[in-house]
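Scrolling down, you'll hit the structures one after another.
Each of the two complexes below includes chain A, the first together with chain B, the second together with chain C.
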Partner chain A sequence: MSRPPVYVIAKSHLSAWVEKMLETAQVIAPRVAHGPDVAYGELEAPEQVAWDYSSSLAPLKRFLFPQTDTLLRWDKQADDGLQLEPAYDDTERIFLAVRPCDVAGVLFLDRVFTRDREDIYYLNRRKRSTLIALTCAEPGEHCFCVCAEAGPFLKQGYDLQLTRISDEYVVEVGSEKGAALVGEAEDLLVPAPEVLMRARRELEQEAKDRFADDKAYFAAALRQVTFDQVPDHLWDEMAERCLECGGCSFVCPTCTCFLVADSEIGDAGARERLWDSCLYEAYALEASGHNPRAERRHRLKARFFHKLSYQFAKPLEAHGCVGCGRCITACMGSNDMPAVTARIRRGAL
Partner chain B sequence: MENIYLPDVVEIADVRDETYDTKSFALRFLKPERWKTFDYRPGQFVEISVFGVGEAPFCLASARNGAEVFEITVRRTGAVTDVLHTLRAGAQLGVRGPLGNGFPFDEVKGRDILFVGGGIGLPPLRPLIWEMLGKRDEFGKITVLYGARTPADLVYKDDLERWRSREDVELMVTVDVADENWTGNVGVVGSLFPKAAIDAPATVAFVCGPPIMIRFVVTDLLALGFADKDIYTTLERHMRCGVGKCNHCLIGDKYVCTDGPVFSYQQMKSMMDPG
Partner chain C sequence: MLGTAASGGHPVARGRLCAKGWHAHEVSTSSQRLRKPLIRRGEELEETSWDDALDVLAGRFGEIKAANGADAIGVLGSPRATNEENFLLSKLARCCLGTNNVDFSARLAALPGLFDLPEYRRLTLSATCLDDIERADLIMLWQVDPAEEHPAAASRVLAAVEQGVLVIEVATRSGRLGRLAGIRLSPIPGTELQLAAGLLHVALAGAEPARAEGDSLAASVDSCTPERTEAVTGVPAQEVVRAGEALTLSERPLVVYSRGAALGPQGPEVLTALSAFGRVADDAADSWSPMLWLSTYCNSQGARDMGVVPYFLSGYQPVSDQDVREKFAHAWGAPPPAEAGLPSWEMLGKVRAMLVMGDDPITAFPDVAGAREAVADLDFLVVQDAFLTPFAQAAHVVLPSATFAEKDGTFTNTERRVQRVRKAVEPPGEARADWEILCDISRRMGRPMEYESPAQVMAEISSLTPTYADLSYQRLDEGWGVRWSLDEAVAAKQAMLGETAADDEPPSVEQCAAPAVDDDFPLILTADYALESWAADKLVVNAIGLRRQQGADRPTVLPQVEISLREAENLELRTGARVWVRSRSGEMEAAVRVSEAVRPGVVVLPATLREAAAAVLPSSSNPETGVPMLRPCAVRIEKT
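Take a look at the complex of A and B:
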């Protein structure tokens, strides 16, 4: 890259920059949802961006891997036999002011959907996506990204990374795509002076120190889950607390289980995939009536084996947790990631 | 980029009743050139779509042949199979595949071969039996043991007759419960082992049937002196995608759809199944 890879934009110029983005793509950004809640949503105007938000209710998952996603459509009355039409989403999207943990979640999905065989529906959306991260100076109530190496600043994986330093935002370029986006707004962004770069480095260190208060004790859990050493009574006790609502799976940036269902009106039909949760009783139920995971403790154990074992971490290059803390909010039975890892470490509920 | 979820359209070429609840369907690609790339080995499976109802996995139940059709054998037992059973020749379905790993073939040349099938567990073994019979001199003694609940539950009666009439394969059939016309063996399939004169160290076993039958048969085979690595079975799990993405068929970290469905007993022992 011939241009310096770090820029700065004045806070007062952000709206003009976002306006430019809105001209070329759908922009997804944190927006006030209701009350104090903020959620990633489609932006209609630059002033809707909730720049000072802590975290979003849901991760970016639903924009790249929608809760209900049409795979195919067909018409049985077509002249030359049944015609199947794949349904691809070609929308160009800019994801703006995304928290680092949620970028890490997308990077995890990248590996899930390219592992072994490529998932064209996910990758079709992904290659039309631009990720603009917004670093975190203060931890939110449930954040533990430091334990998952998914924040509060990113080392890589972003197209652009923004860091607020008083009335300015430092803009780090992480990809050609990011460089192009900066190039289109040359009148608004200028190369960052060294003093700002130093301020950004100091802020990163301060942020890491602040985030260190909340810990998820992964090490013991990873080892015990990998070698099947978690005492059975612990799974039993945690299963007692699980309401099988599936909330943990749905809010998790790394959960991707899905089922597939057809719908048909007359001769026209569609095949959709829908989010599923491995905690549901019918998850593994076979047509014969046989259910290899009939008991909830088996399903809970399978869930955390998928999330934490080395067997999965190795091919996916990370454990299935980015420390966003959403399962803490979602789970009514306190079977969230920090609680479960702490119980495994203690060997007691 | 290939779309791993996009089926090819096939037409039902023929329907054959196997039992009171089981039918075989011969399927032919609507685009005949697709057959040329539809290169499968015994033990692999396909995802069959009944559009508007859904998709379900079925083993490839016929050996590749010159007729350019392949067969699936389907017991009526759920939403997709209920509708499948009402369809006749000419109806159009979707197919994705071949999927999964398939049985070892070259690796077991020169060995004695023992097939143990239970009920609807014979279909995955059938193409392997025929392919081995097609290269008969490359294998040792071939034995087929087949058990079903009742005589009415036996599938592939034509194949059974053809194997029975051959000198180079030993077929033994048993039923759990006989009817008035049954003159053959009565008892579970394991009860045939003492009669079959099996040389365990020289033999590779291919076992397929319901989970309970697999468990008992594997115990019997181990008692006979079979090595863990010489016992193969195909596993079934609830599947949605068949390509290692939806996660429904996971056993520990193994995807039945892509790491299997064929596993040796040696592999199965090391699979961490939380269930």
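Take a look at the complex of A and C:
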């Protein structure tokens, strides 16, 4: 098998390339939201891309699996009686300058949404998506992707992967989709010389060294959670530090739980799925009124069992964490992934 | 609109949201939103045009004003509407309708409203900010459950606990953060003032003598020894000593409180005593303020700032002040009336017609049935709301309004931070922003208020309101809003009260508000304002995902009351058991929930269920302020 081709594009040519992308698809890229906030959002012009950003407030999840997603619509007073239409999103999207952890998050979602059955709503969007990763040379404040094997550079899964080397970007091709995108911009990209390839390899090594790998040692937590060896008092103490906001689930690139609800205005209505969180009291509530996870500690335990146990990691080929660090910011208490794995490892708060 | 994201840079959010925040968009996108104006025809509310609704509204208000005078009309604003909208509401009431009867019902629970009551001297307006929670070296949670009532504050308490800061919880029913508290004091309901006095007694005794000497405060708590405090409050003397000594040692104590303390039987007195805790601190920096009020709504503070108060124009400028009235007359084209108007709790039963913007007096006041009756007796009621609430169903005209996501404006949070809200989507159907509706009404009534945008309203607010003098949208947009300075408000307050404002009169601690118990009625029933308050919130009820998660979609057959483990054992009751709760005034059927958070001897009723409990727990009012409240009462529990 021949090595996939590698190209290079001058920083000064990026705008022209993005301009080309905007002609064919919706482009989602990091944009300044307000003050220091950067978030993935729809691009209107090439200069809006925040190329030097650290991380996005939210992962890509909301573009492929929106917080509110219409599944079908009905109209009871249509000409031919009841009209029922599925709601598919057919938008072509290019996700540009996505951090590797967020690409890894999408790859995880791919496996979740194809494991038992194919989720057509997700896959419809996914097959119309192109992922252009942007590697990380410097870790952000909360990053621990190294511990989760989800960065700072990707080995696979991307369509294209960009790495900045001073005034140029090395462009690695990871798929036919990626190759096609490069093909459409032949005038802007040239094959990368060996010297740049070497610089990229060196940068990857330096970056990995810079990303401290002691933020989240998973090993002990994986074993103890898998074999139910975490002492109950730890879950109790963590439960006291949970305000049930659901934020950890909503910002997590790998969380996929949802509830389904119908809403109707007059004779027309829609069935929607809405993000759900396993920390909410009614999450596991049964129709009988029985709640198998009535207490917060049970819900916390279930959450981390799902994230860390081998039972889930085996079919999904990875643990439910990409090391993006967003739960560290979002948690109103201190039940983020590094804190929880550390408590389990130490056996104390 | 598909979802919500937390801002990372925002100094209050800091990348976090509570469950209400994560589901906020569901309120705007709800299928239950009002889309057209409604008008009463006989028993039914029917859809109508804006023209028709406004014609009827202007005609009826005109008739009622002509026949009964302007003060026959009452106007309620909203702690969930923007500053601009509340300001225009005040202007509409005072200039167009001609009455100072303008208030919002949650102001009752928004006490440091002490500050709003002219007969009350002390200034307890919160000078602190949320981040002070993480700067404090002692946090006292006074009858508040921040996890339930203000998760952004609770998040900071959790961070402080991680840093080893001592938390003292004072609550009859321990809150969600109670288990992290180093000291938990559980007074008999109605003895909170005596507990505060007992803590002050210990704390002052340990402070520098020079500080305590000749101090009227120290004299007032002289008799409140730990032993006497134990006898009255039921809190063990050694716990009083521990907590009082911790206060003495603290340099930056912070008392966190909310409507639970303010609405208690001796709310004003308790808050005055608590504000003295800051004076105990030996080396407390002058800039340290010991009281943090947690507001219930996004704009509880702003509605008051904007003069939706019967005695004040915006910025706490008294309507009684001739110069102030002239200033406003010059800007508004008509002077506000000089006489103070009626507070919301007195409007019901006294006025003939009401204009209500997003407020709901029925769910706000202790006496639910009384409020409902008074509302039903009104000759004319207009309600502006995004939803057809049970209260709006009683209206003669209902005007559909926009939510936060569908308009521009500002809100002022609990730390007085004035911040922008921006229009993201159009309102549904024919719904309009409240500020536009108010302009329509004034135009229809012949005193046009013309504004092109909320920014223009803010320019007028700035020009008339010293506390908001420099707040343009441009300035607010540069950062994350601006906290307004207290100095101007203090000056206004002192100008109104004259010299006496400086006198700090300690409250009398002799009378406690605990009911007498005996063999027939051995337990005390008390209302808890935090408990299950989410499920009764009209926004939670109408948010499709959140309502499910908060249990707001699960109808309860019987009102639930909480009892302690001791009562559960004595009475052989388990969670779910049906009981009679009997007091000297009446009885109610209820289901019990056994909770280790409840003090033995106490039965806790979620205040949201107070209507079902009205026979047992009648509402009364604070003798000093007239503010309605629920006084704890003696009860017994019997199995059905």
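Convention: the second predicted complex is superposed on the first by the 339 of 349 C-alpha atoms of A that agree within 3 Å, B and C clash if a C-alpha of one lies under 4 Å from a C-alpha of the other, contacts with A are read in each partner's own complex, and residues count from 1 in each chain.
Throughout what follows, contacts are C-beta pairs under 8 Å (C-beta built on N, C-alpha and C of every residue); 3 or more make two chains touch, one makes a residue touch a chain.
Since this is a predicted model, take the numbers as computed values, not measurements.
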Request  = Could you tell me whether chain B and chain C fit or clash when both sit on chain A in the superposition?
outcome  = fit
Contacts of A:90 with chain B and chain C, given as first, second, both or neither = neither
Task = Would you sort A:333 into first (chain B), second (chain C), both or neither based on which partner it touches?
result = second
Message = After the superposition on A, what does A:47 contact: first (chain B), second (chain C), both or neither?
response = neither
Request  = Quick one: classify A:283 as touching chain B (first), chain C (second), both or neither.
outcome  = both
Request  = Using the touch definition from the top, say if A:39 reaches chain B (first), chain C (second), both or neither.
outcome  = second
Task = Based on the superposed arrangement, let me know which partner A:246 touches: chain B (first), chain C (second), both, or neither?
result = second
Ask   = Given the touch rule stated above, what does A:261 touch, chain B (first), chain C (second), both, or neither?
value = both
Request  = Considering only touches as defined above, state whether A:293 meets chain B (first), chain C (second), both or neither.
outcome  = first
Task = Treating the CA centre of chain A as the corner point, state the angle out to chain B and chain C, nearest 10°.
result = 80
Where chain B and chain C come nearest after superposition, their Cα distance in Å = 8
Request  = Return the residues of chain A at which the contacts from chain B and from chain C coincide.
outcome  = 259, 261, 263-264, 269, 276, 283
Ask   = What residues on chain C touch chain A, complex-wise?
value = 1-10, 14-19, 21-22, 25-26, 29-31, 35, 147, 151-152, 154-155, 158-159, 162, 176-177, 179-180, 479-480, 544-545, 548-551
Inquiry  = Going by the contact rule set out above, which residues of chain A touch chain C in the complex?
reply    = 33-37, 39, 57-58, 62, 66-69, 240-241, 243-247, 250-251, 259, 261, 263-265, 269, 272, 274-277, 280-283, 329-334
Ask   = Any idea which chain A residues touch chain B in the complex?
value = 71-72, 74, 76, 81-82, 84, 86, 112-113, 115-121, 123, 228, 256-264, 269, 271, 273, 276, 278, 283-288, 290, 292-295, 298-299, 301-302, 305-306, 309, 311-312
Query = For the complex, which residues does chain B have touching chain A?
reply = 1-7, 9, 30, 49, 51-56, 77-81, 92, 94, 210-211, 236-238, 240-241, 243-248, 250-253, 258, 272-275
